[in-house]
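Below: a set of structures, written as structure tokens.
The same chain A turns up in both complexes below, where it pairs with chain B and then with chain C.
This part shows the complex of A and B:
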């Protein structure tokens, strides 16, 4: 460990320090505004340090556990930026919910730290460390401010299933370790070359178990059962965090693992991923049709979106389309982050005055266009982005997914994408339509400044990058190039 | 640059109209009128550029008046490419003209959120203008989708009793077919890149590449489906009657007048020139679909009691002629198709306006409850008579020129289909005149709800919208040459591109 290594670790160090600082401040002075301010300053300086390290440090291992390169810079930047937006929205959401809300912010920072670790991980130890850090903070966040049963039910569900899936991942990793004698992704790849049949099966089963565990966390079909209940029960900012930071970090580690270990060489695995993608798209979209609560709709739609992401992930199995596929998955995730935080942000803002559970019945949103035009316009933009309509970032994301599928000639997956998007339109438009209908309710909807500005920024980014994505495309493309 | 300014004018005009609503409820429509005037002036300058013949003499062989090309997403070779030639210019002019008509037709129909209404109107126009001038396939697809959302909102917010269903159906049909086109666009681009050309979405660079026969057939189908859904051709027409019936008048005018034309434009500009051989392979099928649309649309139109639905089905029938004309792909038949697009745009827009006026006054579209309206509204009756006669193809009016040329051009290709298509002219007369009789002639309605209404004739605002359309239709019916002068060089160059690529098209030229 020398100073260069320490410099490469700067983002993690700053983030950890600010977490400790926030914890100490909470211990002495409970003040939500102060906590949030410190959290934002901490995350913002982390973001700056990520940019600094990314532009000046050489890529390489810092200890065998942590790998700092363009890929980790991109993902940790994305995750920390998402953390800032979620903490701003959380502030508005928590402000009117009584005392002792500060720890929510602390937990938020902790799970951000976990996801950043995941983005840097090149070793099963750091992988599981990050995974658990995200998971454990989420258990508490899901049940945090609500005194109702739904939050507790959701947290318990998530706790048990997430625990089981972590066990799967651990066991899978152990099986691979038994054969390969290492837990580092790249060393596993080199020693996996010459193996006897029985050892080959050990690796195969181990990888499958790891994938099953990750499938739980990413809520891919058939491991998706927990998603709608947890999304519904958790407070909206926690849901946003679960849907973006947690899934994004895990996907970053998964992609890294597959690329360095070359998981695509096992046909069985590629094929099951293929079916997981199709099933996630179809089942996610079809079940979303039948929901009447916005959070449940978004839950199923996020299952479908992870399915789209898997289309790009599977496309990377074909050598000629590998770079485009990696690029597509990173860009899609980028678009998904902004859109999902925005969509849950709207739910959070809508519910920030209510004391009990979130306002997520579609009927709450009736006539929103006439009562709160700007909020309705933001929400419509987010929904249209989820549906992949031009002028929004979601369109470029979908464009990327289709391009990756075409380049790798996976036509069956593309058929699923087209059908899924068609069904998807139906439920997104239904929400937009109900926002345009008339309502007699004139219950005022207050829009808090902090959350409102955060949403506005997200909506601006969504449209600006949807129209002019050039810089992001170039950045993502250079990162993807460095990965193969 | 003019195209970019035009599109930006429309986008910005829409935003201004929306934001000014808070101050004054009457101002937004004046903003729209102003926006359309500025856009029209911009476009009009293109008419004063050197004509094609002068350019030819000067040694310029290009049919393009103006090409704007700015790199956009270099990673994929995507550029912001706008180009305008005679065909695009004609379509853009039609768009802006009908934009005026749409604003006039909704003048006092919309009392809820007039600013947001005008915003959607302007953005639809901007999207359509973009579709007509975009020559980068990514940009084209971009505009293709952009025009859908405001149209969806127009139907969903200001539509009639069954608006949710109609708006959803409209959006789903066009979006899903659009996604199929997106897959085809990407497969085309990546396929062309596979032959060693750098990645590009530019229309000019994508033309004339040899892809495998199977691949280009499927790609062509992707484009074909998207355009035929929009056209709409049988069996993809089912969204149209619902959308038209439920839409507010202005949206119906735009939908029938110009949105349908984007499908026909796409067939002429993209499907055939990009895949001449594959298009030749399905020309027979496409012409058959066109003929079925003509007859089937006419039969269904005859069976309707809802005036708007009748006009909607007549659109299916008339656009069937366009499909036949494009896929016969002779110089005459393509000219005819373009003429039919313009004439149908004008006559159907006018008929929808009349339908809207009837509904506004009587609060029903049911023709069985109407009758004898001519007595109380002679001006309206005369205007309706004119447009019904125009749309049934009376010589001397625009629609006749279009249909006649299509039939003439298609006759050398496929006699059976041409004969069947000709039936459309007869059935057109039947349903047109039946509608005329039911609504305007005969006994006055005895329905207590209807007969109690004091029926107002067309006022000066409505006549101001109708008279230009009457003049335009008569003009292109009697003296269509200026339109041909405008589009002929373009059609000829497109036609030349496809010559020699396929035996079917060569056979066509003989």
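This part shows the complex of A and C:
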């Protein structure tokens, strides 16, 4: 390992160092504001180093485990930026929740590190390590701040199911390793050629098991059962992290695995991904209609959104549409990050004065436009973006998905996207309508400064980038071009 | 001493697959949280066995290294799980997973 390698690893080194620093500071002085400040400084300097390394270092492998290139730069930048926003929101959320909440911030940084590792991974070892780092920190985050029973139940459910899905991924990887004799994604691709029939089946079953495990973590139908319960029981900032950083990191690794291993060559797998996408969109949207709690609505809507993402993922199987499909999935994920953090951020801000579980009944939000117009406007912007209304980032993202589907001529998937968006409009608008109705309750809602500013920035980005997406589009398309 | 007979890779993988299935079945049918965690451990170790068998077949150390990672991952997972388990026992006075199932919808 030489200086150049160390330079390429700079983001990971800075992030790890700041985690250790925060851990030591917590041991000596428990102060939530200080911990949060250090966390934000650490994450911000990581972001700067990612930009620096991305602009000056050559792309290449640093040890066989880590691949630093434009793709990993983009994803780790996105993940770390999301980490900053979530830590700001968590600060406001945790401030009134009693003593000893500092470790939540530490766990947040650890799972960010895991997701950054996932974005860099080009080998099953780094993939599994990143995956578990995200997962194990999340178990603790889900049950940590709330003293309620739901948090505990959610953590237990997530722990067992996530453990099972990790075991599936590991066993699938072991089967592929048995046939191919390597764990690196790109070497796997070269030895996957010219195999006998039985070895071919080994690879097929192995890839299917890996995909089933990843499907659990991304909460795709039919592996989605845990999603609403975990989303409901977890504290809102942890849910935001689970929905964005965790899923984003795993998707980054999945896309890298599929592109370098060329998993699309197996028709059976592409076919089943096709059905998974359709089922996720339809079932996610239909079940969201029946929910009365905002977090459950958002949980089912995230199942549907991952379904939209899979549309782009499947579109990448057609060679002519590959570049556009990669571009679409990255851009859609970008829009999904901003929107989802914003939506859960509003739930977190609404519940930051309550001691028990989060305020997530739709009735809590009744008349929000009259009581807190700005917060209601932010929330409406997020919901409209989730629904894919023009002038928001969500619209550009969905437009991209449709374009990718058209380019690859997957008409059945496009029909599902259109039907899903139609149903989606109904339950997003229901929440917005409920916010406009009058209510007699004049219970004051305090908006804490840090969380409020974070939400404001997200809402601004949502609309600004929705109107002028050119810069992001250029960046994303140059990354997609480098992946072909 | 006779010449050592190598165990074919398929036998080892078959054993690992059987252990994996037993673990999965345990997670699905057991209702006691401790037994669920034990079954989970069986699943993870079955993966470790599969890695070692495959690594021995190719004569490379990758499989064993992966096993060490699996060991540490399983340890981390179990330590959090036992922490949660204590909480569950304190709150619900029971280790039955069905007791801890309040959310519906």
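Following the convention adopted for this analysis, the second predicted complex is superposed on the first by the 484 of 484 C-alpha atoms of A that agree within 3 Å, B and C clash if a C-alpha of one lies under 4 Å from a C-alpha of the other, contacts with A are read in each partner's own complex, and residues count from 1 in each chain.
The rule is short, and it goes like this: contacts are C-beta pairs under 8 Å (C-beta built on N, C-alpha and C of every residue); 3 or more make two chains touch, one makes a residue touch a chain.
Everything quoted here is computed from the prediction, not taken from an experiment.
Residue contacts after overlaying the shared chain place A:164 against chain C, while chain B stays out of touching range. Judged by the touch definition given at the top, the superposed model places A:469 against chain B, while chain C stays out of reach. By the touch criterion stated above, A:426 is placed in contact with chain B alone, chain C being left untouched. Put simply, more of the residues of chain A are touched by C, taking chain B and chain C as the two choices. Contact with neither chain B nor chain C is seen for A:105 once the two complexes are overlaid on the shared chain.
In the superposed model, A:178 makes contact with chain C only, not with chain B. With both structures placed on the common chain, the touch criterion links A:153 to chain C but leaves chain B unconnected. Judged by the touch definition given at the top, the superposed model places A:407 against chain B, while chain C stays out of reach. Within chain A, no residue touches chain B in one complex and chain C in the other. Residue ranges on chain A touching chain C, taken from their complex, read 124-125, 128-129, 132, 135-136, 139-140, 143, 149-150, 152-156, 159-160, 163-164, 166-167, 170-171, 173-175, 177-178, 181-183, 228-229, 232-233, 290-293, 296. Contacts from chain A toward chain B in the complex involve residues 370, 384, 389-391, 395, 399, 402-403, 405-407, 414, 417-418, 421-422, 425-426, 429-430, 432-433, 436, 468-470, 473-474, 477.
The part of chain C that touches chain A in the complex is made up of residues 9, 13, 16-17, 20, 23-24, 27, 33, 36-37, 40, 43-44, 46-48, 50-51, 53-55, 57-58, 60, 62-63, 65-66, 69-70, 73, 76-77, 80-81, 83-84, 87-88, 91-92, 97, 100-103, 105. Note for the complex: chain B touches chain A at residues 72-76, 113, 138, 141-142, 145-146, 148-149, 152-153, 156-157, 164, 167-168, 171-172, 175-176, 179-180, 182-183, 186-187, 190.
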